[in-house]
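Next come two complexes, and both contain chain A; in the first it sits with chain B, in the second with chain C.
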Partner chain A sequence: MTSTRATSLLAAAALFVASCAQTGNIQKIEPGERPTLESDEGGLWMQMDRVEEDLQTSGKVVTDPDLNAYVRDILCRLNAGYCADVRIYIVRTADFNASMAPNGVMIVWTGIVLRAQNEAQLASVLGHELAHYIDRHSLKRWREIRNTTDTAVFFTFATGGVFGILAGLAAYDSIMSFSRDMEREADTRGLTMMRETGYDPREAAKTWQQLIEEREASDEPEKKSAFFSTHPAAKERSETLAKLAAETDNTGTTVGRDRHAATIASFRGDWLLDELRQRDYGRFEVLLDQLTEAGMEDGELLFYRGEMHRLRGEDEDAEKAVTAYTAAAESGDAPAETYRSLGLVQWSAGRTAEARAAFETYLAAQQDAEDRAMIEHYLQQMQ
Partner chain B sequence: MKRFFAIFAMLAVLGGCAAYSLVDAKRQTIGGAYSVQPGIQWSKVTLDNVEVWTVDGPNLEMIRFVRGLEDGDRMFTAPDDVKLPAYNPAMKANEVMEFVVDSFARSGASNVEGTALRPTQFGAASGFRFDLSFTSGDGLWFDGMAVGATIDDKLHLIVYTGARQHYFPKYRDEVERMIGTIETT
Partner chain C sequence: MKRMRRAERPENRAWSRALAVVAIVLLVGACAQTQSFLTSEDLAQKPANPRVLIMPADVELSELTAAGLQEPNAAWTSTGRSNVDAALDSLLAARNATVVRYDESGGAGSEAETQLLKLHSAVGGTILLHKYFPALALPTKKDKFDWSLGQEATALREPYGADYALFIYLRDSFASDSRKALIVVGALLGVGVQGGTQVGFASLVDLRTGEVIWFNRLVSSAGDLREPELARGATENLLDELPL
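What follows is the complex of A and B.
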């Protein structure tokens, strides 16, 4: 953080402290509405505007125009009136998370886009976050906590400090976590927007249920318990959303699986790799199972199932990896790396002939393989 | 949030508090397994398995000498709940690159890629090298290169990384030259 930035934060903190007496009923924000700079809300916006400036140059933001246009299109279909007020930043980060800043900055992690099995599921997340903006939940939360928190410390922490802008946003999200009533309000408004747009509202509950199943399968007990302690209402929210969705006739609604699958196809491999790198194999396996059950299995998904087994390396994992890689290869649309990984597993298992065949297939399929020299070195070592 | 901890906490320690010592431009022994001949002076600090050398500061550029990892060892020191991959002596070079890349990814870096894996000599040992790139928690792009070898069943790595703008290229030639001076003991 630069000294200029730190100074401005302290100045803004003083402004907030000075304005602590402001209270009152908070109405929803109107399309195009901007708070005055003298207000506490205006100060909150100003700080998040500065965060956004840093975010815009971050290497973590996915800038692909087609992907951004797709996500933005869903948001604007959900509510055209607020479309111009919200800037979506798709951030290359594993795991399921999204956040909404008071100034209209919506952060969507790639882990969410990967997990969404269709447009409707993604719409459920976007609609929920948009509802936080419309109902000014950040401002409400800010007024609740500002008298009990050292404002300067809060903003130094929440806007990054030494940890960086995205860590700062995560901290902001944590400190400004919305109440259960706010989450319910956002769920309800989000579901209404989904229904009015023609998306099947039942997909909202499914999104939560998928996440719960995934977390329950986590290899990391502390992570599992942390999730359920910070999201105590996950099951309740899933059930409530399912109940609300069932209250109306959903005939004619759509889920939009094909457009979603086509739009993320060129990114999915990288995002699956991001998830695999978390090395939480229990969660990853459930994620793969869910995508498979949703009819999204292909050579690429089978390849990553093989990768999971290869990296986990427990009993029978080597054989399961071979099975998955073989199925991927037979699918006809597996990445060439399938054969390289198959070669590594076969070599480790002492099956040199099979390993050699796999490596040679890899080199033939990937003429410009960046690790060609290494693979050829392996082949020489096998002689 | 905690995922950002390991690498940045380490950098903060390296940047402010740790005791540095000067590395003179004369042959230096690393982990008792090999030596290198630096051509310039570096500052050095050691954290567990890793000896870090830097000139302008670890937030800008550094060489990590990862010294003799054994079965089950991690590349970085991290809090208990940050699950870093463990080294396995049976790993092939591709898997070691994967181990390094995933260690960076689990320590807070994003867009981590290891590329151009190829065999090389590591002194008298048969080794490998590859290129690295990643973004930090701030979204700043870094480049890097790594060379390594297994010596007496222990993995030794030299990983040089620096901010893509200015700092990585600033010492790249010096690091390349120094890698060429490796003598295994």
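What follows is the complex of A and C.
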């Protein structure tokens, strides 16, 4: 048995050396560069090309030309050279996330566009993702996983399975720390692109800070968001980005709030509703607070604040909902549903006259209301 | 095997999970060769000269790393796909079927057709999962085979003038040098290590009704889709008992 063990150890060692040699030094990809079909990179591209085909006919992709042109414009400003190599897919999903595939498919969740308070914040995400593409991080990660797991399996065999779990854990740890290194690299390159484009680099750290605040206010803090599961150490990254941004003179940089607000205006209501439907009211409230602080409060935002209180329904929520709906109504640009919700809350509180007035305003404002019959039924019940 | 209700459409998320399980199911069944299901009285008498629309074969070839991960290989995939296409043409011709090719250029009506392709991969994966893995058998579908793509599938009938649509899914993997070494090391230690595997499924859809009238699964630890002759053999196995 000892000699067999020795043989397998030797074999493992020989292969380990061989597999290490394969990793090679991965250079950044050049604009327009394509991998050969025979390479491992070509295989990764092929797989993602298929995913992209599926994406192209996915009902979750937001196809609005103006919104797409806006996001693309930011990307191309960040780096004109790689602009033609990247296709952006804006996917209708609550929560904060984006991803970059090796073949140039960039997926941006609507939850990110909603949370970005200006162009610069959106640019920080796009720049970070583009950096993953430029530095071939998918390929690096794949080779790291391949080599690490190969080593682990040989190690396990060589030790007769005794240290199998340890080898697996070591492999996992190595892969995760490798991923974190790539995130740092992408942060740095992304920040450089922001600065060179004239976007205020300080907005990058703010994006993280906002996310941390949201997470801390979550009703279920233990249930980490999809984002934090793949991007650990948010605090560390926020601090590093802030430090990097402080190293340069940022006068004359822009954040681009107006164009951002104008472009997403017609989508924001739907996206806020997506977030509200996550039923994490603590988190949603912080998101609303952040948008309000950023000067983005209007009738629509107040309406969703009211909705948050109405649906949460804890101690003083009913009164807070009334306050929010009333403020929304006074703003002059609230959605008609504001009055319907106001009517429901007032009715529950026993204020029939106020409820009646609100329902009637709703029906007058929403001539083609789908729930007209229901609201009319409520009005009858009140008599 | 009466007229059927529509196959359930799995939720998107459930579907990605299902795919992972499908991969496991395919591997677990590594000893079996092919096992097919047939549902239809119509086909008891074979149509004389059926027109068969061949949907784009979903083929992927990859290399198996020592740890068992699959590294997709685009060049092999391209060769394998061509070999399978050629094999399909000649095998169906041998069955007196007229082959019609699906237009992959993305012309008019392609959006609806793409959705059908997606639907089929979901239904096909569901069949694999629930018909070939006894522990996952659905109580309402245990003793029958009544899956369907729904009436929408009939939309393929007119533009192609086809009676049936044939869907092919094939995955072929090959042991890398380090995997081969691990097999040797494993043999020394008395541990079995699986080499490359060929897995796949085929299904035939009646374009008048959208019903999946025939389904077959293939699992093999031999074969090589990169070689025309071996690809033909694999395709022949896959079409085993095709009711045409």
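We take it that the second predicted complex is superposed on the first by the 320 of 383 C-alpha atoms of A that agree within 3 Å, B and C clash if a C-alpha of one lies under 4 Å from a C-alpha of the other, contacts with A are read in each partner's own complex, and residues count from 1 in each chain.
Keep this in mind: a contact is a pair of C-beta atoms (placed from the backbone, for glycine too) under 8 Å apart; a residue touches a chain by one contact, two chains touch by 3 or more.
Just so you know, these numbers come straight off a predicted model, no measurement behind them.
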item	value
Contacts of A:Q210 with chain B and chain C, given as first, second, both or neither	neither
Touching partner for A:A373 - first (chain B), second (chain C), both, neither	first
Chain B versus chain C as contact partner of A:T93, first or second or both or neither	first
Which superposed partner A:G42 touches (first chain B, second chain C, both, neither)	second
Touching partner for A:R146 - first (chain B), second (chain C), both, neither	second
Which superposed partner A:V61 touches (first chain B, second chain C, both, neither)	first
First, second, both or neither for A:L344, with chain B first and chain C second	first
Chain A positions touched by chain B in one structure and by chain C in the second	54, 57, 160
Partner chain A, residues of chain B touching it in the complex	1, 4-5, 8, 12, 81, 83-85, 88, 90, 92-95, 98, 101-102, 105-106, 108, 110-112, 115-119, 128, 130, 135-141
Partner chain B, residues of chain A touching it in the complex	54-55, 57-61, 92-93, 160, 162-167, 170-171, 174, 220, 222-223, 274, 277-280, 311, 313, 340, 344, 347-348, 370-371, 373-374, 377-378
Residues of chain C defined as touching chain A within the complex	60, 62, 65-69, 71-75, 77-78, 111, 114-115, 118, 177-178, 181-182, 184-186, 188-189, 191
In the complex, chain A residues that touch chain C	4, 7-8, 11-12, 14-15, 18-19, 36-38, 40, 42-47, 53-54, 56-57, 142, 145-146, 149-150, 152-154, 157-158, 160
